[in-house]
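Below you'll find the structures, each written out as structure tokens.
Both of the next two complexes hold chain A, though its partner changes from chain B to chain C.
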Partner chain A sequence: MNLAAGVQIVSFGLLAAIILVGALGVVLLPNIVFAAFLLGLVFIGMAGQYLLLNADFVAAAQVLIYVGAVNVLILFAIMLVNKKEDFTPLPRAWVRRGATALVCLGLFALMGTTIASTPWALDPAPTVSSSVATIGAHFFSDFLLPFELVSVLLLAALIGAVVLARRDYLPTVKEQETVFSLPERPRELITSDSK
Partner chain B sequence: MHLQFFLLLAAALFCIGVYGLINSRSAVRVLMCIELMLNAVNLNLMAFSNFLDPQEIRGQVFTVFVITIAAAEAAVGLAIVLSIYRNRDTVDMERFNLLKW
Partner chain C sequence: MNPGIDLQASVIHVLTDLGVPEDLAPVLWVPLPLLLMLAAATVGVLVAVWLERKVSAAAQQRVGPEYIGPLGILAPVADGLKLIFKEDVIPAKADPLLFTLGPAIVVIPVFLSYLVVPFGQKMVITDLGIGIFFWIALASVVPIGLLMAGYASNNKYALLGGLRAAAQSISYEIPLALAVLAIVMMSNSLSTIDIVQQQSGYGILGWNLWRQPVGLVIFWVAALAECERLPFDLPEAEEELVAGYQTEYTGMKFGLFYLGSYVNLILSSLLFAVLYLGGWESPVSVSWLVGLVGVPENTPWVEVITASLGVVMTLFKAYLLLFLAILLRWTVPRVRIDQLLDLGWKFLLPVSLVNLLATAALKLAFPVAFGG
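Let's look at the complex of A and B:
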């Protein structure tokens, strides 16, 4: 992407702020509907980062699949499991919270020092001009087997989701005979002496 | 632009996801945190693809695979959450102890 370095830095900072604030909102907000919408914001910010990384096709796929499919699916699940339930507070919740925060901060510090100290073998070559053609060539040459396996996995996930979420009726309960009738207002029958 | 910025952002996002994964009580929020962590992994792959392998962008291919797996995981995970909600009438992670003891 032909952007000036300053523009790239500023847009990276803005997108990173959006992503981090949105992710913290997803984790910390008590209202789960707001959390789901903030998750969509995080996904859009990630698509912007992909654009900064010269990946137009994956950015479009990110918006289509994550924002359009996964986020809508999560919102549907929230609406289907719409139960106001006050979780009973755990006796030692702060211990778990503190320990997890400590572990996560330690993990972040570890990864940060590793990232800073690793000598990355940067490749100064320019990025390929058409990423779609390159990705397609990979899909049908050296990544052909994973590509086909992923399609089979999508089919299996589709059938599995339908089977899991289907409402099962107990076979012992007998269905009652129902008499169907149309809700009509009573009409006078046409007889011969009515004229 | 440096590679390290993207990697640090991905690391922060991953750590936020881990924190939420362990501390969430609602099962749907746990799935959302898993999506956050998968996005962090995707950002790593894309950064490596752009900075270390700009000619053969294999990282983008892997990202497409991860996005596909994430979509399948979200569908099956939400179906499982719906099924458990019908059986146990709750989405509290602390009461999902069918296989625990």
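Let's look at the complex of A and C:
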């Protein structure tokens, strides 16, 4: 094993550990802000894994979109509504947690067996000179339909955001006319003849 | 094309001559340019801070630093030393972990972006295939650090400042990326080396300055906003927010923010020079001059002169832009937050989209001039 392969294996292990620990933290930590920051760490770790797979463009796009946009927006949402509030502990909360854990473990087992049982066509890593050009060529040939469908999805989200942001499309709730009054007691006016 | 000097190959050659094993020599080479760049970036910050003091003084008809070293050139060093020796205070109710991590997350991506800044044909740490996109992706990580710092300070001004900074970064990232995309479209490559290559050959006439006048303005405005320089230093607007996300910071943690903002400004100037002002190319094409004199281009001394001229040119252009940014800071008033967001979303974004479209059309119509 030469040096490059060793570095690759060590970085794979480190990145995998970061992703696993980070993901567990996202799910298990009670503090939602910590969870959101750890989500960013998980995304960075995944970008690192893409880099190890020679997909530099995908890695950069992962950082740009998931860390730079999605995670920032999640943090934004949390910080704008972050009201310090103590929730009353639910009775038998462990039932829910147990059920969730069971479902998650089931999913993990299912996907694990699928991955293990699928005969993957493993090419010895194709040496792509420019991953951008390769991705572009695929987008406009055999992946044209999914690419266009995703753009339609984004368009739908865009129009939805515009509709939500422009209040005149929403049914307006008639607000009651409020009569403003001063919270003071009415006082007698000071007259000049009061001695 | 003239390949220029290949420092990497020569250093590795020297190392193997000294008896270092062949597969270990490249490993020994790797940290050298990284350390060099780190040192250069830090020294660049010192120069920028000194320039800021001197130019602001000139703008306000003062003298500025005068006695700390010749022309006050050691003033930024004194600033740095002061910050290093200050007590590192973490507020009692702050979140100590996030409070410490915040400044680091702001600074690290900025320094990492120096990986793709070229100073010559082979004078770049790595010629990444994704080049300029690497910088854009890394720049998008910075708002997370700002939000983290703002949140962890447990201070309403800090939180508001952090939110403002993040909102500003994400709004101006899009016009910035679109302006860069227009350049990339003309260069047919994301690599910073190729972008400069495409502008070379005709001296000052070949620079992207003439082909992308609109993109240039968009890039400069967006870059200033990304660096939070006045007129866009909303996150630190002192009359509204005390000092924004930096309010609770002191000592070297504040120093990291300060360092990061100047490193980012220099980085933006360098990349502006690379994208629009021909990078390391001189206003008069060096290879043309050399041809005029009649010396073969791969003569050693010509290569050394060309390479040093390239570094000097890149730095000269970058510091010219830095001077412009400093002058802007001391002459232009700050915009309001609603004006800032209006400018970003309602003006720069549509204009940069039209610019991209026009570039694409021009590329199809005049493939000779627009890199078809």
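The rule is short, and it goes like this: the second predicted complex is superposed on the first by the 134 of 195 C-alpha atoms of A that agree within 3 Å, B and C clash if a C-alpha of one lies under 4 Å from a C-alpha of the other, contacts with A are read in each partner's own complex, and residues count from 1 in each chain.
The rule is simple: a residue touches a chain if its C-beta (ideal position, glycine included) is under 8 Å from a C-beta of that chain, and two chains touch if they have at least 3 such contacts.
These numbers come from a predicted model, not from an experiment.
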item	value
Which of chain B and chain C A:Met79 touches, first, second, both or neither	second
Contacts of A:Phe37 with chain B and chain C, given as first, second, both or neither	second
First, second, both or neither for A:Ala61, with chain B first and chain C second	both
Which superposed partner A:Ala69 touches (first chain B, second chain C, both, neither)	both
Contacts of A:Phe108 with chain B and chain C, given as first, second, both or neither	first
A:Val95 touches, of chain B and chain C: first, second, both or neither?	neither
First, second, both or neither for A:Ser131, with chain B first and chain C second	both
Partner chain in contact with A:Ala23 - chain B first, chain C second, else both or neither	first
Dominant contact partner of chain A by residue count, chain C or chain B	B
Residues of chain A at both interfaces, chain B in one complex, chain C in the other	57, 61, 69, 76, 80, 131
Residue ranges of chain B touching chain A (in the complex, touch as defined)	1, 3-9, 11-20, 22-29, 31-33, 35-36, 39, 42-43, 46-47, 49-58, 60-61, 63-65, 67-76, 78-83, 85-86, 89-92, 94
Of chain A, residues touching chain B in the complex	5, 8-9, 12, 16, 19-20, 23-24, 26-28, 32, 35-36, 39, 42-43, 46, 49-50, 52-55, 57-58, 61-62, 65-66, 69-70, 73-74, 76-78, 80-81, 83, 85, 87-88, 90, 96-97, 100-101, 103-105, 107-108, 111-112, 115-116, 120-123, 125-128, 131, 134-135, 138-139, 143, 146, 150, 153-154, 156-158, 160-162, 164-165, 167
Chain C residues touching chain A - in the complex, by the definition given at the top	23, 27, 98, 128-130, 133-134, 136-141, 143-144, 147-148, 150-151, 159, 162-163, 166-167, 170, 173, 190
Partner chain C, residues of chain A touching it in the complex	2-3, 33, 37, 40, 44, 56-57, 60-61, 63-64, 67-69, 71-72, 75-76, 79-80, 129-132
